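One structure below.
In order of appearance the chains are A, B, C, D, E, F, G and H, and numbering begins at 1 in each one.
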Amino acid sequence: MTNQEVRLDLQRRSRLGMVEVVWGEDKTVPQITECLQRLNSSGELAIVTRVDSLKARELEGAFDSLEFHSKARCLTVGSPAELKPELGEVALLSGGTSDFEVVAEAELILRWHGIQTKVLLDVGVAGLHRLLEQLEHLKKAKVIIACAGMEGSLPTVLSGLVPQPVIGVPVSIGYGVSSGGRTALESMLASCAPGLVVVNIDNGFGAAMAAIRMLKLNA
Amino acid sequence: MTNQEVRLDLQRRSRLGMVEVVWGEDKTVPQITECLQRLNSSGELAIVTRVDSLKARELEGAFDSLEFHSKARCLTVGSPAELKPELGEVALLSGGTSDFEVVAEAELILRWHGIQTKVLLDVGVAGLHRLLEQLEHLKKAKVIIACAGMEGSLPTVLSGLVPQPVIGVPVSIGYGVSSGGRTALESMLASCAPGLVVVNIDNGFGAAMAAIRMLKLNA
Amino acid sequence: MTNQEVRLDLQRRSRLGMVEVVWGEDKTVPQITECLQRLNSSGELAIVTRVDSLKARELEGAFDSLEFHSKARCLTVGSPAELKPELGEVALLSGGTSDFEVVAEAELILRWHGIQTKVLLDVGVAGLHRLLEQLEHLKKAKVIIACAGMEGSLPTVLSGLVPQPVIGVPVSIGYGVSSGGRTALESMLASCAPGLVVVNIDNGFGAAMAAIRMLKLNA
Amino acid sequence: MTNQEVRLDLQRRSRLGMVEVVWGEDKTVPQITECLQRLNSSGELAIVTRVDSLKARELEGAFDSLEFHSKARCLTVGSPAELKPELGEVALLSGGTSDFEVVAEAELILRWHGIQTKVLLDVGVAGLHRLLEQLEHLKKAKVIIACAGMEGSLPTVLSGLVPQPVIGVPVSIGYGVSSGGRTALESMLASCAPGLVVVNIDNGFGAAMAAIRMLKLNA
Amino acid sequence: MTNQEVRLDLQRRSRLGMVEVVWGEDKTVPQITECLQRLNSSGELAIVTRVDSLKARELEGAFDSLEFHSKARCLTVGSPAELKPELGEVALLSGGTSDFEVVAEAELILRWHGIQTKVLLDVGVAGLHRLLEQLEHLKKAKVIIACAGMEGSLPTVLSGLVPQPVIGVPVSIGYGVSSGGRTALESMLASCAPGLVVVNIDNGFGAAMAAIRMLKLNA
Amino acid sequence: MTNQEVRLDLQRRSRLGMVEVVWGEDKTVPQITECLQRLNSSGELAIVTRVDSLKARELEGAFDSLEFHSKARCLTVGSPAELKPELGEVALLSGGTSDFEVVAEAELILRWHGIQTKVLLDVGVAGLHRLLEQLEHLKKAKVIIACAGMEGSLPTVLSGLVPQPVIGVPVSIGYGVSSGGRTALESMLASCAPGLVVVNIDNGFGAAMAAIRMLKLNA
Amino acid sequence: MTNQEVRLDLQRRSRLGMVEVVWGEDKTVPQITECLQRLNSSGELAIVTRVDSLKARELEGAFDSLEFHSKARCLTVGSPAELKPELGEVALLSGGTSDFEVVAEAELILRWHGIQTKVLLDVGVAGLHRLLEQLEHLKKAKVIIACAGMEGSLPTVLSGLVPQPVIGVPVSIGYGVSSGGRTALESMLASCAPGLVVVNIDNGFGAAMAAIRMLKLNA
Amino acid sequence: MTNQEVRLDLQRRSRLGMVEVVWGEDKTVPQITECLQRLNSSGELAIVTRVDSLKARELEGAFDSLEFHSKARCLTVGSPAELKPELGEVALLSGGTSDFEVVAEAELILRWHGIQTKVLLDVGVAGLHRLLEQLEHLKKAKVIIACAGMEGSLPTVLSGLVPQPVIGVPVSIGYGVSSGGRTALESMLASCAPGLVVVNIDNGFGAAMAAIRMLKLNA
């Protein structure tokens, strides 16, 4: 298959003001390496999401400044953008400790675009006081990313309490009917709270990108 | 088809302490009439659920003491059981006004078994203060039936706040992903709150029957 | 059922800066009347969504300043908020003429909150030039609401072309696998474009509310 | 991610009279250790569910009185509550030997809250006499937890035979259409027997918690 | 469209020993008329299933010996085959009165092929004694057709009690999760009882045809 | 909503060599009228699919040369393209008489693009000889469109017998599991026959358009 | 858990004339051993289905006359019943070589009940001549078990060609939409062929048991 | 199981002009060996699809001229057909690098039938310019195979831009709602672009076979 041609979207930064982030889950190590080389050689910042520790180990040392962020399961080449506090802070909430990976992915993406973040874990609605106690802290955030598995009620309850944009991220934590995150997703879409928006299951990356689009309105 | 034989479960009251309630939705008027005649002639109390107003009008006057409860969409023949306050009260909550029909069905079934009820509508979680204001009133209830459509968060939030048995009833109010009540159902089953139990979508009757089983533990 | 108590969320405007919009689809005419009376008597602006022309006709003349917006299928009592051009404009796009009802609902909700709007119909991706020709016009919009039925590609293609927040609204236009809007919804959630956010099928109201949350960041 | 804050629901015992049980399946060993430390240091009884033997082995010896219950797949720290026979007995039934794990989880949770239990395995409806022979024994139970995989008929048949509360627990035992427990779940929800309540697939923990809520009515 | 050619399977009787039964639900009155004319003119017995009373009235008098069987919703032209008691009897059971239409369709098809039938309605498993009382009667039947809606347990319980072939027919009676008959179908397929076979939802015709295939083994 | 702009894809004929066919099902009569006016005034041939007889009657006489094709449920304005026999013939097969509407839609679209057609109804696989007898006739066709509802086996069997392109069109004829055409669709996609291609359920229009793309290879 | 009691259905042979066959997939080696011991000690023939080679190796030598049938993935203790040719032969067909395991399971169950079998593999409908060539051979069979994965057309085509009872067994061979066997199952249920009956996906055991019920009619 | 008989479709080349390609995924190494031996001994070209590297290694050296194509995951015995440039070229496009395996399978099948190919990777619609830049190159292709995972928009956008036959191949690349390829599949089926045809998820083989059927029209 000698006539194939590979293309990266190297104009994304100028067109959308966003870094081209490479989806790592279904790529082999050689495919990831090729992507990183091209991004690197065109002077682009490089982030690869959904990289497991096995692949990360194989890639170790392949590039200067290659870093593996194990909690977020991301690889980066280069340094994060300078912090832009004037764009405002994004609060990242999760219903349980197990949602951590998704929160960590969103946080890394935000920080590499220079966005300030605040993380609040374990504010699930089964013990509502934990969320209510944090309302004061949430006032400072410009945008809220709320991650939840199981029945996914957190973004609904939250959207009824605060006026900011809330981005719901369903998480594939659960069993039985909630296995795979489908119930959390549909619960967020069906929310009786006005103006909650939703991204795909486990899509911490997408939620961060959406928050960046919103914060730029502010710029 | 002359050799067919129809059977009602006339021993249900002695075996389970419950009235045989007839499912009216998929029955024709002649089929309902035949059921009522048999229950009536064996001295049983008779309730038919899911009867629309068209069928109700056709049956009008067919029996002494036949009554149509339009909000609950039920027919009754005979009088409700005497009130047994010693069994305790059941609180019936709903997230929105549109869930009313299901609440009304559950309430009628409870009252016809002599159970005291308290109804609280419009305590949906998108305006959480409405629910929190009612917590004091809920303390008196022995069992709570919580009806909700859309994303169905009400029973989850409630089960984190009170120690009594909570029976979640998903309601087929909604659109898009919540159309038909499936999302509310799965949200309740997937609940992160401990010990919430669930019945079928729109099953006000079943929730009432479950509450009766629980209250009898008290007897 | 004399002990029931109904509650509206009258503090929503002070808490969230949003009007309580009443969901009309599963409510009877008496239920809608009661809601409007309460909102009206507490001096609140009132909007009821998903009202068909039959219900609208029954409610005609029930209140001063009651108006039925047939394309948006909404009832309003009172006058829309004064236009706030400083918040910026929202562009509303749709893939086909049949998505009109959802666009119209979103537009009405925005205008009653004082938001300026621009509507572009029939920019579906099967004839891509129609969308590409409008890119210049879209630059002025602060937020874009993109409605699409069938395979729902419009918001994906759009999110790859512009840097603003894009809210995808799947529409229940289609047949076979796309009947009910499920395919359009999942296509938008699965989008390969970075930062696209989604609301429930046909949820023009929710998209408008989300846009309002975002524009307020700007205020 | 230095600004994160973790929260456990340490007031659950005072608020609901229930132990905070930690969901172990999607947690790493360090996450479980942190949860146990916090519960332990605040003097709370600690139970972790869904712990496989690999994780259990890693945690061995981490705490005094840490115990792994391999059949129930649970970890405990501390001693079970004193037996409270006055609250009554819970009967745990299962349709087949393969449902054992779910039964064992429910039983452990009950015993650690001081509830007396009785286990009856292999009373599936394909050999109905096995169930009918046990009816006399079931009379003593205050609440019945009925676990079943495959087509999940056991709770339906049982609810037609006894007057107590019956909690159906669908089990993910099966293949083809019953793979994952979905058929058993829907069969229980759709049950023609009056007043059967249901929890999520494999949710032995939730069934036990629901039983505890019911038995406390008795207290 | 003048070059089209319509074909009936007129050799079915010689090839399979079965009448070509015409599916009426999605056919117009002219299409049904054309089918009946062709079957009639080739001397074949004619049965049309799933004919509603409106279509039946339009067809009234179109053929000699045309008869509408309203309970079974079938049209017939010609006379049923002579009774063949030597092939044995088929018992038709149903869980509730509402399943009647499906039972009636199966019974008509059997009788028109000369098969002797016995109908037992209302032997649902929620009142198990009703079924157990009939076991003796069932001994005479060569094949049993068991129709059930809701959770569809009847064929499972039955197959554990009797040694004959049992054909389960799921019925689209139910609501919520059992709406449309899917739960009853999957419950029968997932049955823990050995050797239960199943046909499509509401397929009384197919169950009868399967019974005929089995009885011919006997011939 | 005065600033909206409607767009038709008037360049489709020059770009793709295809007529812009308007989807009529979810459009109102005024919307259809507007589309037809625009197509008409730009000298384009106009076809509207999925028009029921009620809408057709309202539109009667609105344009010169407007014609309603009731079997195909299509409206046309103008005359069909001249027949181009050199492009070859398309054979249209269906498994049953009830699939007629879909066949008729495909045939009309083909004829209006000047393609020669041959229709063979009732060649379902339950009476295989009917299909085998037609194999000789099929040799002349360049492309075969095979429509089938129920279990949708026809295109699979056909693709194993002939070397031409076969386009499977699942039809929403059926009940129970085949209701809505989903089973026929998935059966065709899962086909063990090599090289069968598929379009959406009931998509006669799309099958015709695909056939036209293929025949043009020949041009 | 000392008070548990395990029960096997040891009367199944007298009641139904069938061996109690143990479902091995979700059972541990100790659970299987206990079942075999009980069956063995009560003099029953023992078969365990769905045993993988790992479990089989662990059980090796645990009982006299224990045998592992690797193709059928079954364990047996004791000897098969004596052949009863007077009951007639069962033909087992499959669409592809990959369906072999399911065919082998059915065949083993039949032979251990003394039933004569004939196996025909690779008679899939994509090369129809392979099936048509075998029709003569099928005439001898009393009952036909037809296994198929992918689109599952084989039993449909077969039921249109032969008059015997045909039991369709969907097989979980496939990918994409046919992954898991769901498409094959629904295709068989939706079959346009009269009187085809179906069992659960991969249920070779159930198909054999159903065939035995039918053959006994002959006895 | 001594009486079984295996059958290959050795007449496929003469009947359909296509090679019998063996589905390797669910076959064991001995089953694959047997298939290859039979094809080989009858002088047929042999291709086995969906062979993982483990199986490939076991088969190494088993036949002369056996070759493993690791990217396409296919085994071949023999040499590819001579190139037939007169049949025209097939263009193979993919939305992302991860779809490579499916593209490679399609390309191998085409080349072994003598068809010329052109591969264009990474032309996903999120960076639309990458596709638009290639339009000129696509003009030479007779047929286009467009592979896409995630939301699967590529074939829709493409079909609106070019007049050739486009075969959409949904790819099982994705997560959350797009996991398994179902969303990409339904998006392609629901496409608003006229005349797009679709094959099963990951079915590179089927797409190639369909392209061959189309190109032969040209021959």
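Before moving on, here are some points about what is shown:
Simple rule for what comes next: a residue touches a chain if its C-beta (ideal position, glycine included) is under 8 Å from a C-beta of that chain, and two chains touch if they have at least 3 such contacts.
Keep in mind it's a predicted model, so treat the numbers as computed, not measured.
Across the two interfaces under comparison, G-H and C-H, the one joined by more C-beta contacts turns out to be C-H. Centroids built from CA atoms put subunit E at 43 Å from subunit D. Work out the mean CA point of subunit A and of subunit E, and you get 56 Å between them. Contact with two or more other chains is made by residues 96, 126-127, 160-161, 176-178, 182, 185, 189-191, 194, 200 of subunit F.
Shown are all chain pairs that touch, namely A-B, A-C, A-D, A-H, B-C, B-D, B-E, C-F, C-H, D-E, D-G, E-F, E-G, F-G, F-H, G-H.
Every residue of subunit D that touches subunit E in the complex is listed here, in rising order: 95-96, 124-128, 150-153, 156-157, 159-161, 174, 176-178, 182-184, 186-194.
Contact residues of subunit H toward subunit F in the complex are 15-18, 21, 88, 142-143, 160-167, 185, 189-191, 194-200, 205-206, 208-218.
Of all residues in subunit C, those touching subunit B in their complex are 1, 3-9, 11-12, 23, 25-27, 31, 34-35, 50, 170, 172, 180-182, 185, 200-203. Those residues of subunit G that touch subunit H in the complex are listed here as 71, 96-98, 100, 104, 107, 117-123, 126-127, 129-130, 149, 173, 175-179.
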